[in-house]
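Right after this note come the structures.
Each of the two complexes below includes subunit A, the first together with subunit B, the second together with subunit C.
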Partner chain A sequence: MDALFAQLFAGLSLGSVLLLAALGLALTFGQMGVINMAHGEFMMAGAYTAFVVQSVVGDAGLSLFVSLPAGFLVGGALGVLLEATLLRRMYHRPLDTLLVTWGVALILQQLARDIFGAPNVEVRAPGWLSGNVDLGLLQVSSARLFIIVLSVAAVVGLGVLLKTSPLGRRIRGTVQSRDLAETVGVSTRATDRMTFFIGSGLAGVAGVALTLLGSTGPTLGTNYIVDAFLVVVAGGIGQIKGCVIAAFGLGTLQAAFEYSTTASLAKVAVLVVVVVFLQARPQGIFSVKTRSLV
Partner chain B sequence: MDTSSDSVKVGFVNSLSGTMAISEQTVHDSLQLAAEQINDSGGVLGKQLDVVSEDGASEPTVFAEKAGKLISDDCVAAVFGGWTSSSRKAMLPVVEGANSLLFYPVQYEGLEASDNIFYTGATTNQQIVPALDYLAEQGTESLFLVGSDYVFPRTANKIIKQYAKAHDIEIAGEQYAPLGHTDFSTISNKVKAAGADAVFNTLNGDSNVAFFKEYRNSGLTADDMPVMSVSIAEEEVDGIGLRNLEGQLTAWNYYQTVDTPENEKFVEAFRSEYGDDRVTSDPMEAAYTSLYLWKEMVEKAESFATDDVREAAGGVTFDAPEGTVTVNGDNQHIAKTSRVGAVGDDGLIHTVWDSGEPIEPDPFLESYDWAEGLSAG
Partner chain C sequence: MLELDDLHVGYGRTTVVHGATVHVPEGGITAVMGHNGAGKTTLLRAAVGLLAPSRGRVLLDGDDVTRLRPHRRVRRGLAYVPQGQQSFPQLTTAENLQLVADTRPRGRARTDELLDLFPALREVMSRKAGLLSGGQRQQLAIARALITEPRVLILDEPTEGIQPSVVAQIERTIADLTSGDDLSVLLVEQHIGFALSVADRYYVLASGRVTSSGDGGDDSHATVRAAMAI
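For the complex of A and B:
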């Protein structure tokens, strides 16, 4: 029984990590159709932001709360830079964006290596996030609990932004019909840039959070990028709720498979499930209804 | 090879780019240090060493190609380097075909002995077997095996399971994670549920960071369930985080803290060359030693020719930082002292047990009854 709860929590936690990694992609890939292979490197930039902030601030607890917004800004700034210099020239050439952003990813990795050195760096977790808390039924890692809370907060924040704010309305309008949005006076250029800022910023936040669980090194992003795309594709392009369901679904599946088999087999099994699912439902769990003809 | 001038070429092939650069750059640095020191003290047979460096780029095929280039284009007297077993296996046919010499400085899974390779890192009976002996001596009755999913951990675990069967140690579980795996919550749950006396860890690279963070966060400690690692050296401690690693065990032949006059000199020379923030580790020491061993062999043979050097190799000794090492002429590995260390609060690894004297290399584990049949499989 204990093992069941422990695995349920492991699945939930893995889901929240996937969700954090994929949420930004759901915006940039899902809403804008940009295949951004450098998304993982924006996460890496967020993780290094946490490292830099910690070496300036010192205190691990305070620096975590400074790092989260700082990571958002750094990720977002990198995203805007990428959008303004390269991506805006190739919105209708998805294969080109794939190659270009892959190249950008490699450049960013090497840049990190040159600035911070090839070995991993350590970002200390605050005292209250290392160790575990007793929830009665089971003991759970407090860092993982924190990440679950953070991912829920990110989803709620993003949901509120898209549903209620003027910017959110512009983003949704642009996704549903770019031409019509332009006709009624929405600056789709500015909207695109803002969307990319938020999506990339979320990657930065994910990077900060991941320092609590894993390594902080130049290749951090490459460990997550494939899983993140998997979540967005399975969830259905253009839908935040699909992304949430897919992330927690895949996380739980991975944890369940891994418990009954091995980590390698579980990865295979999850991929097979996603492939079979997409055969039956190519548009993912949810799909957005647009009025565009193409 | 050209030995008519007053210098002789040696080739270094290490990954200076790609995923392995993080480890192999350090080996390259200590090889360079050894070459400089040898040149300062008069060279080898009166000839200065002329180092030709190549980048293996973390790709076995590149290692093979660069080793070939060093041997046939640069006409080096010997090649030094390689890290992963796949890089060594890729270079093996090249050095054998050209009848040249490769000095390989990293601990590996054993079961190999080429006439054209000198293995200056530990083979299994100088690292894994002593580590198991130590754990058994500490009263360990059950072990949990965690490793990355590739050749070294799987071979190592095959040996460990055979050892365990002969020594009444129960294997409480065996888990492999793909290279680069970042989520260890399930594996850590399994380790916790199995409740073994100790964990034997053959994970490689970044996975160690995620594993040790998870291990500590799930409430497991070095006191109740120590982890014995064979791939974590001084350089990795910072990246994993000292607090996640303190008290955990490692098995190697050398630590920066080893107390010999030779090591004091080695550490001091390394730091004055590369900076006080640098640490020295087992593969670096084995690489440094390999160049000196080659020098001793050449001087004993009074020749740079491969066959003469090989002929002279048996019994050559060197007072290495880890203590005196001796070349075994039959399998071309070296007799080394084995050490179990614990990570201390200073971020360095301190010896808690050593074998007292150098252990003769036995790459095929032929002198161990329990290991019968292993080399065949």
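For the complex of A and C:
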């Protein structure tokens, strides 16, 4: 029984990390048809932001709460820069964006190596996140619990933004009909840019969260980018609901496979499951009649 | 007010509109008529900025706006109701209106005024626009365009596929709106009878060229019919 709950928690925890990594992608891939391979490097940038903030602020608890918004801004700024310089010309040309952003990813990795050195760096977790919490049924790592809460907060925050704010309406309107949005007075370019800012900012936040689980290196993002795309594709492109279900589904699956085999075999098994699933349901968990968010 | 000056517009290599000149003066209704495929919609898409003309200019209040993006033209007083009752299908009626009201300081008050003009919309505020009937969607599209308080309203076949009572209402609304000098309308219509009954001036477009134009006097019917038969 304990083992089952432990497995379930491991799945939730992995799922929440996947969700944080994939949420921003669901936005940028779903809205603009841009395959951003540098999304993982935006996570890496978020993680290094946490490292820099901590070396300035010192206190681990305070630095975490400064790092979360700072990571969002750094990720977002990188995203906007990429959008404004390169991607703007490539909307709905997935293959081109794939190649270009892959190149950008490599450049960013090298940049991180030049600035912070090749060896991994450590970000200290605050005291209240370094132990375990007793949930009655089992002891769970408080850092992992924190990440679960963070990912749920990110989903709710994004959902509220899209559903109720003027920007959210503009984003959804632009996804549904770009021309119509333009002709009713919406600057679709400015909207695209904000969408990219938010999506990339979420990658930065994910990166900050990852510093709680392990050390930070230049290739941090490459470990997550494929899984994040799996989540987006399995969930149904541009669908946040689907993204949430796919993230926790794949997380649980991966944790379960890992329990019975090894980590790399588990990855293969998950990939096979996703491929088989997409054969049966190519549109993902949720079908996308019009590509709409929420 | 709005001048389309020798516009050449097309898609890729094929030119569809070959040097059309249409003037929409201040106040009143200017109608553009023509058969299916004559290039009416293409002309309008160039007027609002969704298509870039290969030659010619679009002037708004005498300023060249040919290179301006559509949303900038909207800010300068242009509004466009596209053909086919287009809406944001996954947004509710309320959100369709709000999306535009958001961009305007007086947006909310203006929305209330327009809902008084189109009371049928009040009943369907929380329904997704994609689920509305064609007539409801057309009323939504016109209301949405009017939120920006335009000085030039471009309507592409507003009565296409809509029941007579709603057509009559749309007709009345257009007539009301243009009774003052604050709003000019550029109206594309297939129904010559309807177009000439409301229009102050007309143009006939055939194969991307203006073949006839004049004011909506009594003999215009015969002239237009003759021009369209070419």
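What we mean here is this: the second predicted complex is superposed on the first by the 289 of 294 C-alpha atoms of A that agree within 3 Å, B and C clash if a C-alpha of one lies under 4 Å from a C-alpha of the other, contacts with A are read in each partner's own complex, and residues count from 1 in each chain.
FYI, a contact is a pair of C-beta atoms (placed from the backbone, for glycine too) under 8 Å apart; a residue touches a chain by one contact, two chains touch by 3 or more.
Computed from a predicted model, the values in this text were never measured in an experiment.
Putting subunit B and subunit C on the same copy of subunit A, do they fit or clash?
Verdict on subunit A: subunit B and subunit C fit.
In the overlay, answer first, second, both or neither for which of subunit B and subunit C A:Phe277 touches.
Neither subunit B nor subunit C is touched by A:Phe277.
Which partner chains sit in contact with A:Gly214 here, subunit B, subunit C, both or neither? Use first/second/both/neither.
A:Gly214 contacts subunit B only, not subunit C.
With subunit A as the corner point, what is the angle to subunit B and subunit C based on their C-alpha centres after superposing, as a multiple of 10 degrees?
150
Contacts for A:Phe116 in the overlay, against subunit B (first) and subunit C (second): which applies, first, second, both or neither?
A:Phe116 contacts neither subunit B nor subunit C.
Just checking: does A:Arg172 make contact with subunit B only, subunit C only, both, or neither of them? Give me first, second, both or neither.
In the superposed model, A:Arg172 contacts subunit C only, not subunit B.
Have a look and say if subunit B or subunit C is in touch with more residues of subunit A.
The partner with more contacted residues on subunit A is B.
With both complexes overlaid on chain A, does A:Val186 touch subunit B (first), subunit C (second), both or neither?
second
Nearest approach of subunit B to subunit C by C-alpha atoms in the superposition, in Å, rounded to an integer.
Checking C-alpha atoms only, subunit B sits 38 Å from subunit C at its nearest point.
Where on subunit A does subunit B make contact in their complex?
2-3, 6-7, 9-10, 13-14, 17, 118-122, 124-125, 130-132, 139, 141-144, 212-217, 219, 222-224, 254-255, 258-259, 262-264, 267
Quick one: in the complex, what on subunit B touches subunit A?
19, 21-22, 25, 149, 175-178, 180-183, 185-187, 189-190, 192-193, 206, 209-210, 213-214, 216-219, 235-236, 238-243
Can you tell me which positions in subunit A touch subunit C when the two form their complex?
166, 169-170, 172-173, 176-177, 179-189, 290, 292
In their shared complex, at which residues does subunit C touch subunit A?
Touch residues, subunit C against subunit A: 48-50, 69-71, 74-75, 80, 82, 86-91, 95, 98-100, 102-104, 130, 144-145, 148.
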